[in-house]
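Letters A, B, C, D and E mark the chains in the order given here, with residues in each chain numbered from 1 onward.
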Amino acid sequence: MLAVHQLTYQYPESSTPVLDNISFAVQPGEFVSLIGASGSGKSTIFRLISGLAEPNAGSIKIGGIQEKNRLGKVALMPQKDLLLPWRTVLDNILLPAEIAGRPKEEATRQAQEWIIRAGLSGYADAYPSRLSGGMRQRVSFLRTIMTGADVLLLDEPFGALDTLTRQEMQAWLLSIWEQLGKTVLFITHDIEEAVLVSDRVLVLRSGDNCVDVPIGLGRPRTKDMVFTPELAAYRQQLTHMISGRERE
Amino acid sequence: GGGSQTGPAKQEGAQDKPKEKLTIMLDWYPNAVHSFLYTAMKKGYFAEEGIDLDIQMPAETNDPLRMAAANKIDLAFTYQPAVAIARSEGVPVKSIAAVVRHPLNVVLVPKNSSIHSPKDFAGKKIGYPSMPLDEVNIQTMMEKDGADFKQAKMTDIGFDIISALATNRVDAVIGGYKNHEQILLDKKGFPVRAINLSDYGVPDSSELVIAASDKTIADKKDLLARFWKAASKGQDYVLNHKQEGLGYLLANEKKEFPLEKDVEEKSLDILLPLMNEQGQSFGTQSADQWTKVVEWLKKNKQVKPDVKPEDCFTALP
Amino acid sequence: MRRKAYTYWPAVVFFVVLLVAWEMGVKIGGVPSFILPAPSEIIGGLIRYSSELFGVHLLATVEEMLVGLLLSILLAVSLSVLMFFSPLFEKMFYPVLIVSQTVPLIAIAPVFALWFGYSLSSKVAVVVLISFFPLVVSLYDGLKSGDSEVVDLLRTFGANRVQIFWKAQVPMALPSFFSGLKVAAVFSVTGATIGEWLGAEQGLGYFGRRMSSALRADGVFASVLVLSLLGVLMFTVVYMWEKRMLKHK
Amino acid sequence: MRRKAYTYWPAVVFFVVLLVAWEMGVKIGGVPSFILPAPSEIIGGLIRYSSELFGVHLLATVEEMLVGLLLSILLAVSLSVLMFFSPLFEKMFYPVLIVSQTVPLIAIAPVFALWFGYSLSSKVAVVVLISFFPLVVSLYDGLKSGDSEVVDLLRTFGANRVQIFWKAQVPMALPSFFSGLKVAAVFSVTGATIGEWLGAEQGLGYFGRRMSSALRADGVFASVLVLSLLGVLMFTVVYMWEKRMLKHK
Amino acid sequence: MLAVHQLTYQYPESSTPVLDNISFAVQPGEFVSLIGASGSGKSTIFRLISGLAEPNAGSIKIGGIQEKNRLGKVALMPQKDLLLPWRTVLDNILLPAEIAGRPKEEATRQAQEWIIRAGLSGYADAYPSRLSGGMRQRVSFLRTIMTGADVLLLDEPFGALDTLTRQEMQAWLLSIWEQLGKTVLFITHDIEEAVLVSDRVLVLRSGDNCVDVPIGLGRPRTKDMVFTPELAAYRQQLTHMISGRERE
């Protein structure tokens, strides 16, 4: 569904490449997490895949096709919420539907349902300046979901949420993923979260290729799995991998 | 233009004739000197001649001459020396009639000013409405009076002849008329004295003439003749019925700008003797006057030596 | 800090103080009233000439102004949009734009008259010439300075340039646009007045100019007063519109 | 999208095309040269009158313009700052500001002259009157529309109003300020010209007017040309300065 | 050091109070965490304490004194990074020192040291637009530390950091706290983090007073304590408290 091959990228303003010869692939319907140290280039990978930037070398295939213009092919939830301050919560969420030219009524109905699911009922007509950090993040998440794209690139979607809300959002994301057969690439700094939700975890280390760790936990995942020793083991392994210690 | 077809025009029974359009641009805002035009219009004299007259006001002193030369309008009220200067600059216009046959332009100073004759201009600020011609006027006057023109501080005062003097920004001002600006200043409580240009060597000239481009003169000779016939009839009427003639002017302006009747009355009293010459029809131009004016302009390098006085004007048939 | 409802009394008080000082200054200081009349005389003039002022000249000026301002907005919007979408057009056009602003009107007045005659269009042209520059500059700068991250977001949604323009760049440019519109609205009054100097048979500027040539200062300042009120009104209308459009702030 | 170095050739090409069209239009179309001379005649005029134009009048106009623009900036900055810090002052002053823009110059020219005489100051006053309005509006709007969260952050650091102003509000207002300054710089040329109509003994506007009354269109347009170049130069200087100041973008 | 008494607050635009009769106190030198659901009012409490907003009822004492103007008395790290885009990383960090009028040289030296400690060496002269999300957060954190205030209010300071960087930053924060005797009030959505670093955890629930949970773990805390059963117990307890389940 998504294949990244020998990707190299360097910001024009910068002197060394952020990404150097990175390759990985995500199968249709897979749920893959991307973890790595802060500044290792996770968000940059998303910029490249979504088509906001072009790699200096390497190829990106979406659905098996290597397209020149990838914009609009995948749904990107950026790390910053980037809510449009002049639009209400509902109108922010409706933005992708508007752009796709989808019938307004149906989109509105769907958006309103999701606003309730995300615990934002009563805020549909509020402007973003009135929301808390976590609420803004949820709005941004809903907006991404509303694109209806098959591939979701989520950049720390639940980073600002408390445990409970986060669990609810995770469960919901997993249900959407399963029911609608979406493909998800998920950036998180929370290794536990990565293990809990993913089929595989990709560990990105700057100046290095990324390491692929399949997660052998059954589905459906429940939040109580957090306390299982298997998960704890994955967690420790991944923690060490990020810090580069497993190679010593 | 449309307004001229209604009202009195119809009474004269000339409505069936197909009318030709003719545009004339005034030298200034409508004032007593233009009474003959409004009278002729309201009395239907133009309609009788098959003329639909459109009267326009200028934005700037030189607009009438320029617009006439560019054939944007047919006729322009302008100043006699200005026509010669225009020809010298290659602007193809000719005067076709003299309206005011003698100068009105004077140098105005406050009544209590220490300036009594042109030699007193030395060291003083003389305001002028951005006409190079006025510099020659002042120069001629000062030299005649035995002073050095370089000593005068010539100051361009733009549009506002009156308030430049009234605010004491300048010590004297040239470009105001003795029948208009002088009367107004007196009336508004700023008494002034006038110094006549012709008293100090400036040749007698026609203050206002009507000019047209060479092309218009060639193409519309008959129309212009008919125009002048009607205009002269208007002037005759004004001569014989001063109050009524003035009334047509005031009535025409009423809606946009209320003119002051007493000022215009006094103005017309001064004007009429300067407009008609005993034994000559209204508008007749003097070849002798043209020659003197052009010679004077040549002497002061305002026009090129090759300008011929006889090219500057033409008589209507 | 600035949340309180806009109250008018400080302005009113200030104006009253100003007027009283003016009245006193003129009456006591002996400024000749044909140069600077006292406020009371101006009000007198306003009443004396009210039928001409309001019956004829105000309407003429308002027409020139509104037609001109509307054209300005249309022109400024189209130009900014064109320049924004086409860097080539921008490079070609921006210098011409600046040149158009520096050409002294008095110099090209004859050219204007030649093209437009002394009709409504010549005054409208002056209004446009004067008021579209602040509009273009502010709108174009506003469009250019929009947040590029928001634009990127819309691009990932597959938005085309037109959609990005309408849904992100225009809203982000609005505050700047309104800054320019406020200036343009006020300048449209000035533009109409200047247009009337360049040749007119009616309008408040024409009226004031003739009054001035007749040394009737009360009439001059009565027309100035009406013009000023017109300017304040135009500004207020734009200000209100801005408040409505940018209420999310 | 807009990263490429600013290249001038499209403007140059466009101008050349424009000039050729103009030359042809005048020569073939029969526009009388005393109203609109051909570019070649204008260049001729520029050469013929170069000693007066560059020796006397250019300097005079540049002086009026620069002094006026500088004063405008000073005035606009002080007023915006005052209005920004004191809502009372704003309410008192903003209306006066707008009124000041709508008063037709021709009407208050005598008053101006009464106060300033026919010296440099009267022209400077006109420049100020014309160029400070776009500056004030854009600077004040820029200050008001700054991000309040950033301001709050500085407040938590214990910053006083002056510090908040300089370290947050001024930088946030800069883009808007430069928009206004670009307009003001160009308008300062216009202002100087208008100032010179109202009475002058030198300056490009004065020169052009005299040439116009002498029916010498080549001289008129030669001065127009110099004025336009001056305007473009002023704009470019501000544009460069803006680029330098806002380079973090 | 910090005493909040019967605090009530309602946003002017809103119809119900966010905070209703909240009381708690933080002793000098204490490290207290504040947790609660997204939108429960955590950031609002910080706005009130720092003096950005005035409570509708109740009192706030800092250092035992109830001051009218609390601005500048405590250091607030906001939830959004709010870096000034026209300032480089170094200049952003120097901002509080500039405002306090501290000698520039000494402040610069300190800032540069800290830039290195935070893993940002080489970025001192970069503009914020060139930083990754986590890097921006670290800059914002450094800027807060540079205020030198005794009371630190940190709103999700490490929310965008990967585990390793986060651990380093936590350890560093704890060392500053211990060495310099700072008082810290710490908002986090990561309960594990709250337990690991704090002396006490305050649980905020909307429309309710906050509950105080002392953490009986010894000091110094090490990252390995995460795997101890005590910590796991606290974690479960707090999780249930946020969701309101422990009252049933």
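In this section, a residue touches a chain if its C-beta (ideal position, glycine included) is under 8 Å from a C-beta of that chain, and two chains touch if they have at least 3 such contacts.
Computed from a prediction, not measured in an experiment: that's the story for all the values here.
Colleague: If you check the contacts of chain B and chain E, which chains show up for both?
Modeller: D
Colleague: Between chain C and chain E, which partner chains are common?
Modeller: Touching chain C and chain E alike, sorted by label: A, D.
Colleague: Name the chain whose C-alpha centroid is farthest from the C-alpha centroid of chain A.
Modeller: The chain lying farthest from chain A is B.
Colleague: Of the pairs B-D and A-C, which shows more C-beta pairs in contact?
Modeller: B-D
Colleague: In whole angstrom, how far does the Cα centroid of chain A sit from the Cα centroid of chain E?
Modeller: From the centre of chain A to the centre of chain E is 27 Å.
Colleague: Centroid from C-alpha atoms only, then distance chain A to chain B, rounded to Å. What do you get?
Modeller: Here the centre of chain B sits 85 Å away from the centre of chain A.
Colleague: Roughly how many whole angstrom separate the Cα centroids of chain B and chain C?
Modeller: Chain centres of chain B and chain C, defined by C-alpha means, are spaced 37 Å apart.
Colleague: Just the number, please: Cα centre separation of chain D and chain E in whole Å.
Modeller: The computed centroid separation for chain D versus chain E comes out at 50 Å.
Colleague: Mark out which residues of chain A touch at least two other chains, giving numbers and ranges.
Modeller: 80
Colleague: By the touch rule stated above, which residues of chain C touch at least two different other chains?
Modeller: 35, 106, 110, 114, 197, 209, 212, 249
Colleague: Going through chain B residue by residue, note those that touch at least 2 other chains and give them in order.
Modeller: Residues 60, 66, 70, 159-160, 163, 166-167 of chain B each touch two or more of the other chains.
Colleague: Mind listing each pair of touching chains for me?
Modeller: Final set of chain pairs in contact is A-C, A-E, B-C, B-D, C-D, D-E.
Colleague: Would you tell me which residues of chain E are touching chain A in their complex?
Modeller: Residue positions touching the partner: 11, 13-14, 35-40, 43, 79-80, 119, 130-135, 138, 155-156, 159-166, 189-191, 227, 232, 239, 242-243.
Colleague: Spell out the part of chain D that touches chain C in their complex, as residue ranges.
Modeller: Answer in residue numbers: 1-2, 4, 6-8, 10-11, 13-15, 18, 31, 35-36, 87-88, 91-96, 98-99, 101-104, 106-108, 110-111, 114, 133-134, 137-138, 141-142, 144-145, 175-176, 178-180, 182-183, 186-187, 189-190, 193-194, 197, 205, 208-209, 212, 220-221, 223-224, 227-228, 230-232, 235, 249.
Colleague: Mind pulling up the chain B residues that touch chain D in the complex?
Modeller: Residues in contact with chain D: 60-62, 65-66, 69-70, 85-86, 89-91, 125, 127, 130-132, 153-160, 163-164, 166-167, 169-170.
Colleague: Note which residues of chain C are touching chain A in the complex, please.
Modeller: Spelled out, the residues of chain C in touch with chain A are 149-150, 152-159, 163, 167-168, 171, 174, 246, 248-249.
Colleague: If you look only at chain E, which of its residues touch chain D in the complex?
Modeller: These residues of chain E touch chain D: 50-52, 71-76, 78, 80, 82, 84-87, 95-96, 98-100, 127, 129, 147.
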